[in-house]
Amino acid sequence: MGVVAIVAAALLAVGAALAVVRVERGPSMLDRTIAFDVLTTILVGAIALEAAWSRRTESIPILVVLSLVGFVGSVVIARFAAVEPEGADAPGADGIPPVSPGEERAALGAERVGEERGGGE
Amino acid sequence: MSPSTRRAPWRQWPAVLVLAAIWVLLWGSLSWGTALLGLAVAVAVVWFLPLPRVATSWTIRPWGLCVLVGRFGADLVVASFQVAWLALRPGPGPRGGVVGVRLTHPGTTHQVVTAELASLVPGSVVVELRPHDRTVYLHVLDLALAGGTDGVRRDIRALEARVLRAFPPKKES
Amino acid sequence: MTGVGQDVWNLVADVLAGACLLLGAFLAFSAGVGVLRFGHLLARMHAVTKPQVLGLILLLLGVALRVRSWSAVAMLALVVAFQLLTSPVAAHMVGRAGFRTGKVRPEDLEVDDLTDERAG
């Protein structure tokens, strides 16, 4: 068990370090969110590994909380922060879905994609 | 949502039971105290946070459900290690794309279950789901591995067929 | 069950737990590699779903096999259930937001039905 725990911990640590590099590099808010998701998952894995190694159950409630907090975090960022430059007046940016979600937002998205492709890079 | 559309908690007993079960699981011990408090909390949640009624109704077929779950588990394991290999192998990254698949069944519940299961399997993520024209847009990590766009469409339609067999919709409504 | 039989079962459970933990940790590691190496946002998202679903299931299975107490197993099952329900929603929202805000460049995609359909 000792060797297994060390190898697994090393794998998790390297994975977490790589995810941190991606958090630092970005380039966009969403890339950081994704990398942070990986980090949260690895943190859950590390706590699970500790619980398995020591055969103790006190830390398991932390896993429940972490798995939910990670979800709330990435959804909030996807919903609010991802609409970066001109999204202040976008439908849905205020948390209230527009009247006809499919049509309207798809049109808006396409428009914005077009703009960015035309102007950026 | 106006209070008049609220349904009585006892008519939503499955939701109440599930919430109470989650409460008991969180406490980690089954006793009269946790069970009763869980039921009370569940009734309160259902009463104060009402959800819209799901339009379509369905039934459950145990064997279809077994096939769905078993096949999902197998897909999950295979796809997980495929994606792991794609990440670790040397050379340039995989070539992926966004594929639109038109589903056959109009019910939104089945579309959502199909999309959710497709998202859970690594290698494909649902980018858009349009209920009105029944189209689901998936991003596939490696198109060559998935057998091109036709392979993706075939896989998703097969998944939908399994979902429909596991939860066959009722005839009317 | 005799004491010796109990020992054998404990050993089997420990070995299985070790295998689960190693595989789960490997998937988490490959997710770190994937999230760093894949070239664009949508590809990186695939790296996330992998440890979140199978990796987590394997790691928690490892814990369950080591701890062997029902209350802990129940709570671990709850973690997996939450994760299975929430991770596609999060992935979908991130992917959609990325697509709609133009984070995905056309040259990253071999096929793009969504943009084609909008354009024509």
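For clarity, chains are labelled A, B and C in written order, and residue numbers in each chain start from 1.
By our rule, a residue touches a chain if its C-beta (ideal position, glycine included) is under 8 Å from a C-beta of that chain, and two chains touch if they have at least 3 such contacts.
Just so you know, these numbers come straight off a predicted model, no measurement behind them.
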Between A-C and B-C, the pair joined by more C-beta contacts: A-C
Chain whose mean Cα position lies farthest from chain B: A
Centroid distance [mean C-alpha coordinates] between chain B and chain A, Å: 20
Chain B and chain C: spacing of chain centres that average the CA atoms, whole Å: 16
Distance from chain C to chain A - Cα centre to Cα centre, in angstrom: 13
Junction residues of chain B - those touching two or more other chains: 26, 128
Chain C residues counted as touching two or more neighbouring chains: 26, 30-31, 33, 45, 47, 55, 71-72, 75, 78, 87, 96, 99, 115
Shared-contact residues (touching 2 or more other chains) in chain A: 61, 64, 106
Interface residues, chain B side, partner chain C - complex: 22, 25-26, 28-29, 76-77, 80, 83-84, 86-88, 93-100, 115-116, 119-129, 137, 139, 141, 143, 149
In the complex with chain C, residue positions of chain A that touch it: 1, 4-5, 7-9, 11-12, 14-19, 21-22, 28, 30-31, 33-35, 37-38, 41-42, 44-45, 48-49, 51-53, 55-57, 60-61, 63-64, 67-68, 70-71, 74-75, 77-79, 82-84, 87, 105-106, 108-110, 112-113, 115-117, 120-121
Chain A-touching residues of chain C, taken from the complex the two chains share: 14, 17-18, 21-22, 24-26, 28-33, 35-36, 41, 44-45, 47-48, 51-52, 55-56, 59-60, 62-63, 65-67, 69, 71-72, 75-76, 78-79, 82-83, 86-87, 89-90, 93-94, 96-103, 105-106, 115, 118-119
Residues of chain C touching chain B in the complex: 26-27, 30-31, 33-34, 37-39, 42-43, 45-47, 49-50, 53-55, 71-72, 74-75, 77-78, 84, 87-88, 91-92, 95-96, 99, 108-115, 117
